[in-house]
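This is the structure I have questions about; it appears just below.
In order of appearance the chains are A, B, C and D, and numbering begins at 1 in each one.
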Amino acid sequence: MANRQQTIYLDNAATTMVALEVCEAMLPFLGESYGNSTTLYHLGSAAQQAAETARQQVAGLLGAEKEEEIYFTSGGTESDNWAIISSVLGQKKRHLVISSIEHHAVLETCEDLAKLGLEIDFTALPVDVEGRVNPEELRRALRPDTALVSIMHANNEIGTVEPIRELAEIAHEQGVLFHTDAVQTAGKIPVDVKELGVDMLSLSGHKFHAPKGTGALYLRKGTRLNAFMHGGGHERNRRSGTVNIPGVVGLGKAAELAGEWLESEMPRLKQLTEKLWTGIAAAIPQVTRNSPVEGSLPGMLNVTVAGAEGEAMLMYLDMHHGICISSGSACTTGSLDPSHVLLAIGVPAETAHGSLRFSMSHYTTEAEIDTTIAAMSVEIEKVRAMSPTWDG
Amino acid sequence: MANRQQTIYLDNAATTMVALEVCEAMLPFLGESYGNSTTLYHLGSAAQQAAETARQQVAGLLGAEKEEEIYFTSGGTESDNWAIISSVLGQKKRHLVISSIEHHAVLETCEDLAKLGLEIDFTALPVDVEGRVNPEELRRALRPDTALVSIMHANNEIGTVEPIRELAEIAHEQGVLFHTDAVQTAGKIPVDVKELGVDMLSLSGHKFHAPKGTGALYLRKGTRLNAFMHGGGHERNRRSGTVNIPGVVGLGKAAELAGEWLESEMPRLKQLTEKLWTGIAAAIPQVTRNSPVEGSLPGMLNVTVAGAEGEAMLMYLDMHHGICISSGSACTTGSLDPSHVLLAIGVPAETAHGSLRFSMSHYTTEAEIDTTIAAMSVEIEKVRAMSPTWDG
Amino acid sequence: MYSDKVMEHFENPRNIGEVENPDGTGNVGNPVCGDVMKVTIRVEDGRLAEIKCKTLGCGAAIATSSITTEMAMGMTLDEAMALTRDDIAQALGGLPSNKMHCSNLAVDGLHEAIADYRSHNS
Amino acid sequence: MYSDKVMEHFENPRNIGEVENPDGTGNVGNPVCGDVMKVTIRVEDGRLAEIKCKTLGCGAAIATSSITTEMAMGMTLDEAMALTRDDIAQALGGLPSNKMHCSNLAVDGLHEAIADYRSHNS
């Protein structure tokens, strides 16, 4: 369409490019090395060794004490579903505490479970204007029948990092298990399961340059959790299903790379984020920043643009500039559904429809940010010129 | 190890090589085309189109009326778990009927559910000496509270094909849903969901030259089934989790290839199977065939060798000849656990420990079968010479 | 996701803006729902001589505003009143099922503008 | 899965067979469980002068039979009686945890053969 010569990919919180090194590491397992990790013959042992190396790489990224604490899954959604469902299904304690800005993989799981008539219910904690959970709210929400607290490490729409260590301590004081969805943080900021003090942690490979359909659940040694996927007893009987060897190898390699990149990437992405924000704010009137300035993921910026609608903006940015970003509303049958996260931090629905999320990666360049700022001011002017609610 | 110069891979019922064509189809999606199938911008639409093409390819292989009846999963285990768990969890009817020779993905799921205290129970139907379910047994097992019948299309250890059409009809007469685990048949023998008359069907990509970690559940239009994986609402709200685009593309391509190969491969593999059997039976005394001669998967042969143990045989075959096969017992803590399938068809435990499964593919050659026959007679003689229970 | 026709109208939306001293005005939608449209018309000899639209909304909203103004131009008021959301969606080569409500909006806005005109002129 | 040492013994198992006119015989295991061993010994001057083993069993069973006979050769009967399954597993560079029961079996067979010898010679 139109004159798109380039792609400026700023939707890395949605999914990322597979790193070249990752793809290369996977290729043998899409070729000659096709053995099954549970079999005895030579092809099988190559697969098994590759899976164990990957397990070490992931354990290394998370500072896990033992690599056996890492269980491979098909992604962040599965890891979240597993942690939540198995914590309450058929258990005596059936109350869950989450935050109101969790990803759908947590939120919908709780809602769907509650609807199934299994006598499961949950409390969704409010957040402040920056999207942060107040530890005192958690303390008040805990009940004698609370089985699990699940609060995300960082939010996927605005980037707010939650005080996990403090929250986990409060849960543990009451003997309640703590899970965190670290899908947005693993590989991006330090994630140390011991420092965080969590019992379970979800991650997803495709958020840090591994392929889609890969993920893991960290399960602290000694933590009891039923299987979610039953069958041949793979992953020490906790996650059955033939192990996705190429995927797992890619996940391991990506974890290794992310660990190497992390320290230099964090300040670089933080700087690019501030550059993007100041650039936009200087060029375009009535833009609001939804991502906190402090305690937020480097490389993520969520803004709302008054008098403009998200989808239209992102489509013009794509068509005319090859810029790939996300907007904060999704079209459901009947009307636009504004992001539950933006509503939770107090953004009014009418403004929330005009929100955009930029999310960067290792591959994002300063030149791309410059282009994006320029493109934004052009396209937003156009969209606003069409708008009946804008008379700038 | 030793002087292994070749690999003769005869464990295709465990997993298969990724076809070159499949790997090639996937590569763009491990490279440039890394978009998310649910996003609006240009990278996203390429992913979405690729996923929809794959859905058509899989629907084509299964003779599904509409491609929307295909839901992508992370493999056969997930498809089986989904069909079973969602049929009874939180539902009024909580009784399941399966066969006693189901794969662990079905069997263990039922057992684990029953143990969870959710008031779910199941009946495992016996099979005859060939491993076949008697439709009359199903009729007797159905109860007013039966929610689902799940019987595999073909068994993964001995290859017996079940009379699915007849069994599904009996279930439907009583208004009970019918699921079949077609993991071993999809891509190997004709699988037509309309002819079989099933409501749900599981398949797994890595059994027919797609990569590990791919699979699908066919769900007949109009069939109600809750989600198993909850979250962002992917796959028309039925299977959340970022779609594994490279995997799905590979699955689609493999389905297309399998459809093309099927007609010529069936007689070829049937002939190779008979050749292998007659060769072994002629060269080695006291070998018994466990796979039926008629109504069995072409390319699969299960035998028991008196006075020999499976693991030892398969390890020598691997070390000295590069032959990869499976044995019928698994080592659990404490002793060898003989295959539940062999026990169900009446093989005594002591004999079951000496069982081997050969399973072929499109890539299996006649020369490999010749080599295998020769290798078998050498290695079995050695193993028997060590055995205190053999005095041939 | 969108048809080529939708994309073409989205890329080059026709008749954006407001008719000066309009004969009728329709305001539909609601900022809370994310879509707002203002349709203004000029009527000459019982026909729509000018139609303009201002739109806050998604790609579908913009494309349907554009094609609706284009289709209705020159129609008699009765003809324009007979336009349905299906006519619009069809002219666009179809719309994704979850985007159908926006095809409603433009037609509604036009109908409201005509009703407004008629309320002054009958 | 198996250590190199296990593989090496599995590849070239030592002392397979039966001692002719043995001084003691041990039969352990059960075909139903998948492992059967027959250990035969010849004793000279209170020491194990010959040990042979026949084994039906998995890779671990074959490797442990082999290394057990090798280790015990030349030992006094008391020394051989003091051999434990951990000694065997350790000498093999470890065994997978679900394979530990086979390391038991060979030692048990040897001990039974010695007990058999002693029952005739005391």
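Going forward, a contact is a pair of C-beta atoms (placed from the backbone, for glycine too) under 8 Å apart; a residue touches a chain by one contact, two chains touch by 3 or more.
Values in this document were obtained by computation on a predicted structure and should not be read as measured data.
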Among all chains, whose Cα centre is located farthest from the one for chain D? C
Contact-richer chain pair (by C-beta pairs counted) among B-D and B-C: B-D
In whole angstrom, how far does the Cα centroid of chain A sit from the Cα centroid of chain B? 33
Centre distance in Å when chain B and chain D are each reduced to the mean of their C-alpha atoms: 39
How big is the gap, in whole Å, between where the Cα atoms of chain B centre and where those of chain C centre? 55
Taking each chain's centre as its mean C-alpha position, how far apart are chain C and chain D in Å? 90
Where chain A touches two or more other chains at once, the residues are 1, 40, 311, 315
For chain D, write out the residues touching at least two other chains, lowest number first. 59
Can you name every chain pair that touches? A-B, A-C, A-D, B-C, B-D
Contact set on chain B toward chain A in their complex: 1, 4, 7, 9, 11, 14-18, 23, 26, 30-31, 34-36, 39-44, 74-78, 80-81, 89-90, 103-106, 108-109, 111-113, 116-118, 204, 206, 211-214, 226-233, 240-247, 311, 314-315, 317-318, 322-326
If you look only at chain D, which of its residues touch chain B in the complex? 7, 10-11, 13, 16, 27, 31-38, 54-62, 97-101
Spell out the part of chain C that touches chain B in their complex, as residue ranges. 1, 59
Show me the residue ranges of chain A that touch chain D in the complex, using the header's touch definition. 40, 45, 48
Within the complex, which stretch of chain A touches chain C? 1-2, 307-312, 315, 319, 329, 331-336, 338, 348-350, 353, 385-390
